[in-house]
C-alpha cells in the first residue's frame, strides 16, 4: 500500500465528518491497493471550514472548492454538499480529471443528473472513476440479501415492498431546515430517503422500475425559523418567523419492475415512533428476504423450498466472516453500525480507482434513480396516473 | 338469560364451523341478554349439510336455505357462504324479519351491497339487526388501538399503512379453488383480504377513504385443477386439467382519507414467508399504533408525548381485564386466538339484537368498503388514475 | 362416535371453566373414539357449584364430590381443585374405577404423589387411565419442538434454559390469595409455574433431572387481605387485615440432566413486565429450539447444520396442517390460544381411554416432577448444596 | 486540545487493533481535554508487532514491553494481552507512573487482582489513573439502563437475570485455542464472558454480589490442534494432534445481592444459534429494563407505574442526543456498533486522566468481579454449596 490516494472533501456538515471518518478507517481494516488520505476540506465559509477540518482531523481547509478541485496533488474529490451544488462541483472535478465520489441524490433534477452521467462516461475513458453514495448498498445484511437473490434463493421475484420511515418532522413545531426548501433539496422525503429505497430495490432485484403511480403529501405547510442565536437544534423563540415548506413530508407510490414484480414504496418523515426504519422486503417464488435498518445487522430470510412445517423467516446475523465486508471486522455477533456503510464505500471506491472492481452505483445508475423520482413527481401532479420511467424499456 | 336466540347457519365450510363454535362458546364466557342456539345448518347438498351438522354439533340440517329462512322458529340467519350468494340470502332473511349476520365481503359488487343496505335500513325500523362479519374488529389488540385513537392518544392522523400478507399462492402449482374464480369470489386478494384492511383502516381512524389509486396483479394465470377423487388439499394428479385464474393475486393502492391522512395498502397471497400477516399501523402527531395478526395479542403503541429519550414502541399484551373483550377470558398473558374474534362477534350481535349496542359493522359500512374495492378496480383499469370513492364527500 | 365418556368436573374456579370448555370443544374439531360429556360439576359450596354449572353449561351440580365420584354413570373424574385436595379425590376416583385427569401439581408433596402413582399403577391393570394436566405439552409449537428433538435436529443436548416469568405479585399491595398459603398451594412460584418448566424440560429432552442446586426468595412477607365484600380482584379496603405469605415469590436452580445437559431454571411472579412468559430453550450440537408462551404459536429453531452464513433462529408459525394438533383448526397463520392446550389435553385423554395412545403425563411422570420440586426445596434449605433427585439414576 | 496523551498499546491481537481504532476515533467525535495518540505497539514477536503496527496505523513497534513501559515519552499503557500477563505489565507500568488501561479480566486470579488494586491505589495518590476494560458499560443502551435505575424508574430491585450466550464451541471439532487453556485464560466462559455479566450486574444495580452457588461444565474435553501451516480459522488437518480443554465451556450460578435481589447467571460458548447474546434484565417494583447485545442499540424498558392496560416493554432506540454517549454520533436511529464501546472507553479514560471524571471500572471494582468468579469456582468445586464472596459485607 505504498501509493496514496489524495482526497479533497467538499462539505463541512454531518456527511463531511462521516466521510472523513470512513477514509481514515478503511485502510486500518481492509487491505487496499492505495492508501487514502484526506488532504483538504473545503467549505463555503473559511472559519467554518477551518474549524471542521480541525475537528475531523484534516490538515488543510479552504473556502474555495474550485481551487481545491484544480490542485494537482488531489486525486479524488468527495462531494458532501447539498444536492443543488452536486452538478457544478462534479463536472468541474471530472473535467479536471479527478475521481469523484458524490453523495446522493446525484442531483436535484434529471437534466443535471444526465449531464453528470455524460461527463462521467467521457471521463471513464481516461480511467477516471465516478461513484454515487447510495451507502445502504454497503450494509452487510443488504449485500447478503443481494447475494442470496443472485444465487436464486429468492427465485422469481413478485413483490418489492419498501418503507423508509423517519419521524423527525412529526412535531408541527419542528424547525425549518434547508431540507424543507425545494430549491436546495430538490424534493422532500421522496428524494432524501425514498431515493435510497429506489436504489436498493433496483440493485437488489437487478431489475428496473418501468412505471410508477404516486402521490405526495405536505402535512405541515409552514415551520418556525430558528433564531440563529439559539443555535442548531434549538426551538424557535418568540419573534422568530416562519418559513414555507416547499417539499413533500411523505411520498407513496406503486411501481412496476422490468421483471414483472410489483413494488409498493412509502417514504415519510412523519412515521411516528420510527427514527430511521429503512425497510425493504423482496418476495419470490423460492424465498424472501426482509431488512430493517433499525436492526441493521439482521437479514431475515425465508426459504420456501424447505418443508412447509419448517419454514419461517430466520434472523441471520450478517456478521460472519463469509458475509459481505464483515470478515474485516470483529468476531461474529459483535454488531456493526451506520458508519461502516461509509467505510465500505471508501473501500470499494479505492478498489474501483485501482481497477479491481467496477464503480457502483455509477452516475448512470444514480441518474436512473433520479428518473424514477421525476416520474413519481409527474404522476403525483397528474392525478396519480401511471407514468413510464423515461429511458427504461419494459 | 332465559330467552333464546335461535339461529340458522347457512354454509357448511370452514366459516360455518367457526360460527357454530362461536355461538356455542359466547354464552359460556359472557353474560348475554339472550342465549344463542344454532338450531339448523343449511347447505346446498343434503348429505354434506348433514355430515357438517353432526361435526359442528348442530341438531338439524337442511339443503334448502329458503325453507330454513322462512321457518317461524328462526330468529337470526348467519350467512357463511361464498360472496356471490350473500345478497339473495340476506334479502330473503331480512324480508322474513330475521336478524342477519353476513360474512364479509357483504357482496361481490356495489349494486348488490346497496340493495342489501337498503333492505337492512328498511328492516331496522322493525327492530331487525343486520351486521357484516369483518371479524378483525373484534381482536382485543385492535379494539384497544381504536380506543387509544378515540382517546386522542395518536392525535391527528397522518398515515395509515396496511399490509395483508399471505403466501398460500406462492407456489405456481398450488391448485385452483373457487377463490380464484371472479364469478364466485368477486375479486382476489383485493376483496378477500384487502377488504379487511379497508374496513380496519376506516374503523380505526373514524375517517373515510375518499379516493384511491390502485393496481392489480395476477402472477400465475392458470392453475391445476384437483382431481376431485384426490380430495381437498391434495395435488393435481396426472391428467387433471387446468383452470384460468380470473382474479388478482395481489393488489396495491394509495388512498386519501377524509381527515387528510395518506394510506398505503397492499394485499397479496404471494408474500412468501407470511402465512397471515394482517398488519396495520396508524401514525399521528401524538403517537402511533401498530398491529400484526401474526402476534394477535400484541398492540404496539408509541407515545410521542413522552420525553424523546424514553420513547419507543411498547408491546402491550392486550389480555388485561381492562382491555376490550379480554376480561371474560383467562388471566393476563394467556393468549387468545383467531376464533375469539368470532366469539366476540357473536357477543356483539346478541347484544345488538337486545338493543344494548348498535350493530357494527353495519351493512352501510360494509357497502362503503365495497365502494372502495370498486374504486380500486376502476383505478387499476384506468392506468392507476386517482378515482373518487362513490358516495363519500371529502 | 356413538359411545359417550361421561365426566364429572371437581372444582368451580378458573380451571373448572377451562376444562368444561375443552370437553365441549374437543369433539367439534377432532375425530374422537368417544363423545365426551360433562354431566356434573362438583364444588364445596352448593350455591357456588350451581351457579358455576349454569355458567359453564353443565346440567347438574353437587356439593358432594364423594357422591359424584361414586356415581355409576360417571366414567371419568376431572380434578380442578387446589393441590392439597388432589390426592384424596384422585385416590377415591381410581378406587371407584374412574379414569382420572388431575390438574398439576399432582400433589403438594412427594408422599401423596407416590400414593397416587401407586394407585394409578394398580388401576391401570383394569384399563383405567390416569393423566396429570401439564397442559403446556399440548402447545403445538412445543410439541413441534419435541418432534424436532426426537428426530435428532437438535442433536446431543448441552443446555436447557427455562424461565417462567410472571409479574402479578410485583406490587407489594397485591392482595393475599390461597396461592400464597403453603398449606393450600404446597409451594409458590416453584410449584405453580416452575413445575411446568420442569415437566417441559424432562419431556422435551427425554431425559431426567438427576440433581439440583436451588434457592428460594419471598420478597414480600405479608400481603393485605381483601375485604370479602369488595369481591374478588378488588383492593384491600380500610380495616382489612394482612396475611403472612408462606411460599416463595421466586425460585431459581441449576440442574444436571441424565444425558449430561446443564439446566438453568428461574420461576418468579415478580418479573416486572412479563405477564406469562413461559420460556424454554434447548441447545444441542446440531441445533436449538426456543419457545416463549408470550408468542405461543411461534417456535424458534436454529439449524446448526446449515452453512454458517445462513444460520439463525427462524420463526416457525406452528399452525401448519403438519404441525402437532394444528391441522384440526384454522388455516395456517390464524393463531391458536391458551385454551387450545386444554382442548388438546381432552383429545389425548379420550384417545388414551380408548387405548389409542398412552396416557401422558402419567402420574409417575408427575410424581417425578414433584421429586424435583422437593429436591429444590431441600437444596434451598441446605445452603444451595446440590441434592440428588430421589429415585433417578444418573 | 493542545496537550497530548501518548499511549503505548501492549498486544497485537484483535483487542490491540480495536483499541488502536478507539484512540484514533475518540478525538474526532468528542471534545477531549487531551489528544490521545498511540505512539508505539508492543508485542512478544518483533515481526508480528511490526506488521500489526503497520496495519493498525501506529508509527512504532517493539518486542520489548518493559522497555516501552519505561519510556519517558509514554503517558499511558494500554494492556491488550491475555489475562496471565496483565499483572506483571500493569504493575510495571504503574510503578513507572504510567496511567493504565487494562483489558478484562483484570487478572487470572484474586491474588494478582489484589496486588494490582493495591498498586493502583498507591499510584492514585500521584494522580495516576487505572481503569479496567469492561467495555459493555459503555454501550449507550446499557448506560441508559443504569441512568433509569439511578433515577428510580426500576424501583426496588428483586431480580437480575443475565445470560451471556455464544456458540463458537458448539461444534466438537472447533479447534483448540489459548482461551481453552487454564494457564493462559484463567477460566473459560466464566471468566471470559460471565465476568462481563457480573460487572454489568453490579454496576447497573449499584449493589454487590454477596454469595453465589455455581456449577461449571466442560462438554468437550479435547479439541483438535490446528496445523499451524493451515493458518488461523482453519480446520485441523490430518496428523494434527489434540489438546486437552482445561477450562469450562459453560458456567451457571445463582447469586444474592447486597440489596436483597436474586441473580441468575449463565455463561456459555455452546448456546447454539447465539453468536454473542449478552443479555441482562433487571426487575424492580416500579419497572424493568432488559438488554440483549444482539440488538445493541435497543433498551427495553417496562414502566410498571403506568396503568396496567398501557404497560409493556418498549423498545428505546438509545441513539437520541440525550442518551449517554449517543449525541456525539449520527442522527437518532442510525445505529452504533461494537467498536463504539471502546471509543467511549477511550473518551472516559482521557477524561479521567484529566480529572474530569472518576475512573471506572476501577481496579478495585474489577478485583471485586474476580472475587465473584473465584467464589463461583469454589462453589462449583464444593457441590454447589453457597459461597460468600470474600470481602463483601451483606
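Chains here go by letter, A, B, C and D, matching the order in which they are written, and residues are numbered from 1 within each.
Here is the rule we go by: contacts are C-beta pairs under 8 Å (C-beta built on N, C-alpha and C of every residue); 3 or more make two chains touch, one makes a residue touch a chain.
Please read these numbers as outputs of a predicted model, since none were measured by experiment.
Novice: Let me spell it out: compute each chain's centre from its C-alpha atoms, then which one is farthest from chain D's centre?
Specialist: That would be chain B.
Novice: More C-beta contacts across A-D or across C-D?
Specialist: Of the two interfaces, A-D and C-D, more C-beta pairs touch across C-D.
Novice: As a quick test, compute the distance in whole Å between the mean CA positions of chain A and chain D.
Specialist: From the centre of chain A to the centre of chain D is 35 Å.
Novice: Using mean C-alpha positions as chain centres, tell me how far chain A is from chain C in Å, no decimals.
Specialist: 54
Novice: Any idea how many Å lie between the Cα centroids of chain C and chain D?
Specialist: The answer is 41 Å.
Novice: Two or more other chains touching the same residue: where does that happen in chain C?
Specialist: Correct list: 302, 311-313, 317, 321, 332.
Novice: Which stretch or stretches of chain B touch chain C in the complex?
Specialist: 14, 17-18, 20-21, 24-25, 27-29, 55-57, 166, 168, 233, 274-277, 293-296, 317, 319, 321, 330-340
Novice: Please give the residue numbers of chain B that touch chain D in the complex, ascending.
Specialist: Result: residues 144, 301-302, 307-317, 320-323, 332 of chain B touch chain D.
Novice: Hey, which residues of chain D end up touching chain C in the complex?
Specialist: Within the complex, chain D touches chain C at residues 154, 158-159, 161, 163, 167, 170-172, 213-215, 217, 219, 249-250, 252-254, 256, 260, 262, 264, 266, 268, 270-273, 283-288, 290, 302, 304, 311-313, 379, 383-386.
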